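The two complexes that follow have chain A in common; it is paired with chain B in the first and with chain C in the second.
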Partner chain A sequence: MKPGTRLKSAADDTEVMVIRTGGGTIECGGAPMGEAKPAEPAALNPDFSAGTLMGKRYVDAGGQYELLCVKPGKGSLSVDGVALIVKDAKPLPASD
Partner chain B sequence: MNIALLLEMAAQAAPDRVGLVCDGKRWTYGELLCAARGACALIERSGAHYVALLDESSEAAVIALFGAALAGVPYCPLNYRLADADLAALLGRIAPALVVGDGKRVARIAGDQGHTVLPRREFTLQAQEPVPEAEDREYDPGAEGVAVQLFTSGTTAAPKAAILRHSNLLGYILGSVEFASADEDDAALVVVPPYHIAGISAIMSSIYAGRRMVMLPAFSPEGWLSLVAGEKVTNAFVVPTMLGRIIAEQDRNPVETGSLRAIAYGGGKMPVEVIQKALALFPHAGFTNAYGLTETSSTIALLGPDDHRAALASDDPKVRARLASLGQPLPTVEIEIRDEDGKVLGPGEHGEIYVRGEQVSGEYKEKSALVDGGWFPTRDAGYMDEDGYIFLSGRADDVIVRGGENMSPGEIEDVLLTHPAIADACACAVPSVEWGEAVGVALVLRDGHLEPAVDEIKELIRARLRSSRVPDRITFVAELPYNEMGKLLRREVKKLLGD
Partner chain C sequence: MATDGGSGPAIPLARWADRRLRLLAKETGSPRIAALDGATIVGERGANGGYVIGGRISAGIGGSRLMPAADGGWFALTLIRAEDRELLPALFLDAGLDIRDNDAIAAAVARHDCADLLMRGRLLGLPVASADEAPPSPPVEVMTRGPHRKRPAGHRPLVVDLSAIWAGPLIGHLLWLAGAEVVKVESPTRPDLIRRDDPATFDLINQGKASATVDFTDAAHKAALIALIRRADFVIESSRVRALRHLGIDAGALVRETPGLVWLSVTGHGATGEASDWTGIGNDCGVAAGLSRALADASGEIGYVGDAIADPLTGITGAIEGWRAYGSGQARRIGLAMSAITARALQEEREHDPAALHAELHAWGAALGQKFPYVRRREMFAPVRKPGADTARYFPAIVPC
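For the complex of A and B:
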């Protein structure tokens, strides 16, 4: 999968843009994400339902994965069942 | 990846919020996105390979930038101040283009190059015609697609075509701007010309932050101050010469500037005197010095508001000196100082500034300038202190080599400017039979002062620096030559001193 690919959640409204990825399965709401929405929506897994926030970047602990949320939803993001976390960036003063 | 994502996200999150004010007209993010989609259709119909802008800043710059991105065609704003022959040559390098702006001039100087020309008003009107299938269409030129092509100012040679890919520009914005982080009342005053990298990054970062842009197509200090007061501007970016003129005007005819919270500056060397006056005149504003290049998608190092205040308040000469520094690297880039052989230098050692990171393209249409490991040699000379603050001493090409000894014009100029009778100074290499090169200086006398004796100036340099830095040639001029961005044109001073 190349950087820039847009993935849609099968379980909620979340959409992400892939910035960086390893070989694992990217999921939202507990279900694998895909470039198209499935005909039948997947059930939202309560363990992965903390919600996604527009414009936040989500990363794994190993720094292999980075996803930008471009559309928010009720599900939360994971890779192979391991939850991703919000990347905290130190706010910079506006420079341009 | 596509930089149009920035506008799509802004329009999705807040379609009815005003994103741009220009010539009294207000544009919402939703309207800007519709117009960008309309521009994409126009560009595709024209068959153009580039989208050029030959115009001052206006809504057309925003619409053309994102329209070109959607169409997968590089956006290439041109410097309308160039002479006809130079401009015609650049237009020839991007034919066939859709040129937005001065149609009469294009017809006159490049009428046979196959361009499609639309004056600003026509382009803006036609772009607003609805495009039926726009909503469901995927626009993706890929990460490797070129978003922007900018011709460098060519202060030393013919202009080079610097290339910025979607991945470079998105890397810069996503790494340095928090989405929708601006308050509803925030407004950024954009006055940098559209053909400058800071003009392009201002559009992208304001839109992604959700900060309303207020465009001032042509700079004047009165116009700038009246927009600050009228639109309650909170953020602004200026080049040093602009700030100097704004201060003088605000001194003469003060207006209400209490809304200004953040003033960023860059694009040339800021005289310490100007920044000190500015800090006193705008006590509620935080000042940020931004250092960057076209080839790095804008800012790579920052001296933030806290650094400015700490420098002003400190008794420590090391901390005080930071008022003249470029600040520290952004967390998303790496910066090193290297010598001529590429060896990494330690704190305090003078060399060339190298940078790498996602936002760094370092690439020209003709060839890439990147060296091993993706590092970009900026050709800027400088050093880093032990806390990572970077100090610029000039262009590497401006270094004076006297009898094998390298000296930077900056250190000589800094000493000259401590003389009460000297308002401005430029040091550059002059030919020397004995040494190959020697130091020549052009000086501007401060109003109301008498011209200091040549020996006095030589003694000043000898006492503060080394005897090798003592100028061989000293001349007084009415003013030094600067370009419209406040960049000192050293080659012209060199000519003057060489004669």
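For the complex of A and C:
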């Protein structure tokens, strides 16, 4: 999957842009994400329902995956069942 | 104008800035503002730094570049932070891109249409612009109104300045020149980096401000900050709207609840709607305003006009709008959009004196490689406080961090 690909959650409103990916299954709300929304929404898994925040970057512990939330939702992001974590805010620009 | 022989042409729109400063001086009655001039306020950073007119590369550190896209459009991309370069593979749909190589980035721009890059760049939160877009928001927008406050004669306004870089701090500086007490509040983890990287400019626009550091992620610190805001007359911030919300600071509610509070939100492209999620800084906002296209029309060469010109134009505009709101006594949250303010300045200058504007743009376009115009360094009226030096005074309830 190319960086820049937009993925939609099958279980909630979340949409992400892929910054980096390692080839595993990217999920939201416990269900695999796809470029199109499925006809039948998936159930939101309560274990992956902490919510996503607009503009936050989500990463895995190994630094292989990075997803940018471009539309927030009730689900939370994971790869192959392992929850992603929020990356720290960027520093302010030093100039313009 | 030129006094050292190597000094370049006047910065276009400096005369607009000058007329707005006259207005601010008249409305505030401040002799210190009356002593300012537009050429100094838009040009002092470039003069401090010995900037050279860079054409398609922005002056100073060259953080912004104008590049031709596949469809013939011109795409401006500002890359100041290493973290922003990590987003470039997603911008260009290319995992193999060498993100440190500016030539490779230009080649990637040439493979994509400008509109696609603009759409993806804005989703990614990158400061991007097209030379041929129209700003999406009004220059000045009253977003929220709140209760009135009657102030006693001679009241000295208190300004909580949460902003960084140039436009927001310049608003605080102009209000300070007009007599306000200003406290600059910074996060210890995300300070205003201009202090470190451009002290000559930082000192001019932050002199006389008290300095406090507050950990925005700490509940007690945040409560103390909100308590200070509730007794302030002005708040200036340049955060993205959602960033404030994520921090748990509800600007709209504070304005609705605090009599007379004037809250100035400095943004790249607007504080409401979709554009409130976009980022924008001075150079790319000038491109989004149509200024680079105007330069190409006048001179035949597209490029950046001035130095981050949207910043000083917005600083002056914000001070005028803020001062007027303060004078009304009504609490207001006012969104300031740097791209639209610059577009309005360009439009007003076109109406005011089209021949002079054309001549200035033509001269600027022809001056590639020349130095910025000489500006005499302004006098300092007060010292610059060390970061956090006044935390205990403004936030006695929290342990200084």
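Throughout what follows, the second predicted complex is superposed on the first by the 92 of 96 C-alpha atoms of A that agree within 3 Å, B and C clash if a C-alpha of one lies under 4 Å from a C-alpha of the other, contacts with A are read in each partner's own complex, and residues count from 1 in each chain.
Everything that follows uses one rule, which is that a contact is a pair of C-beta atoms (placed from the backbone, for glycine too) under 8 Å apart; a residue touches a chain by one contact, two chains touch by 3 or more.
A quick note: this is a predicted structure, and the numbers were derived from the prediction, not measured.
Peer 1: Superpose on chain A as described above, then tell me if chain B and chain C fit or clash.
Peer 2: Aligned on chain A, chain B and chain C clash with each other.
Peer 1: In the overlay, answer first, second, both or neither for which of chain B and chain C A:V70 touches.
Peer 2: both
Peer 1: So in the superposed three-chain picture, is A:G55 touching just chain B, just chain C, both, or none of them (first/second/both/neither)?
Peer 2: both
Peer 1: According to the stated criteria, A:A94 is in contact with first (chain B), second (chain C), both, or neither; which is it?
Peer 2: In the superposition, A:A94 contacts both chain B and chain C.
Peer 1: With the two complexes superposed on chain A, say which partner A:R20 touches: chain B (first), chain C (second), both, or neither.
Peer 2: Touch status of A:R20: second partner only.
Peer 1: Where on chain A do the contacts from chain B and from chain C line up?
Peer 2: Common to the two interfaces on chain A: residues 2-4, 17, 19, 54-56, 68, 70, 89-96.
Peer 1: Please give the residue numbers of chain A that touch chain B in the complex, ascending.
Peer 2: Those in contact with chain B are residues 2-4, 6, 17, 19, 54-57, 68, 70-71, 89-96.
Peer 1: Which bits of chain A are touching chain C when the two form their complex?
Peer 2: Result: residues 2-5, 17-20, 53-56, 66, 68, 70, 89-96 of chain A touch chain C.
Peer 1: Once bound in the complex, which stretches of chain B touch chain A?
Peer 2: Per the touch definition, chain B meets chain A at residues 1-2, 5, 8-9, 12-13, 138, 140, 142-143, 166-167, 174-181, 188, 192, 198, 201-202, 205, 208-209, 211, 235, 237, 262, 264, 266, 286, 288, 290, 292, 298-299, 302, 304-305, 330-331.
Peer 1: Mind pulling up the chain C residues that touch chain A in the complex?
Peer 2: On the chain C side, the touching residues are 58, 60-61, 63-64, 78, 80-81, 83-84, 86-87, 89-95, 120, 123-125, 127, 164-166, 190-194, 196-198, 240, 242-243, 246, 277, 281-283, 308, 311.
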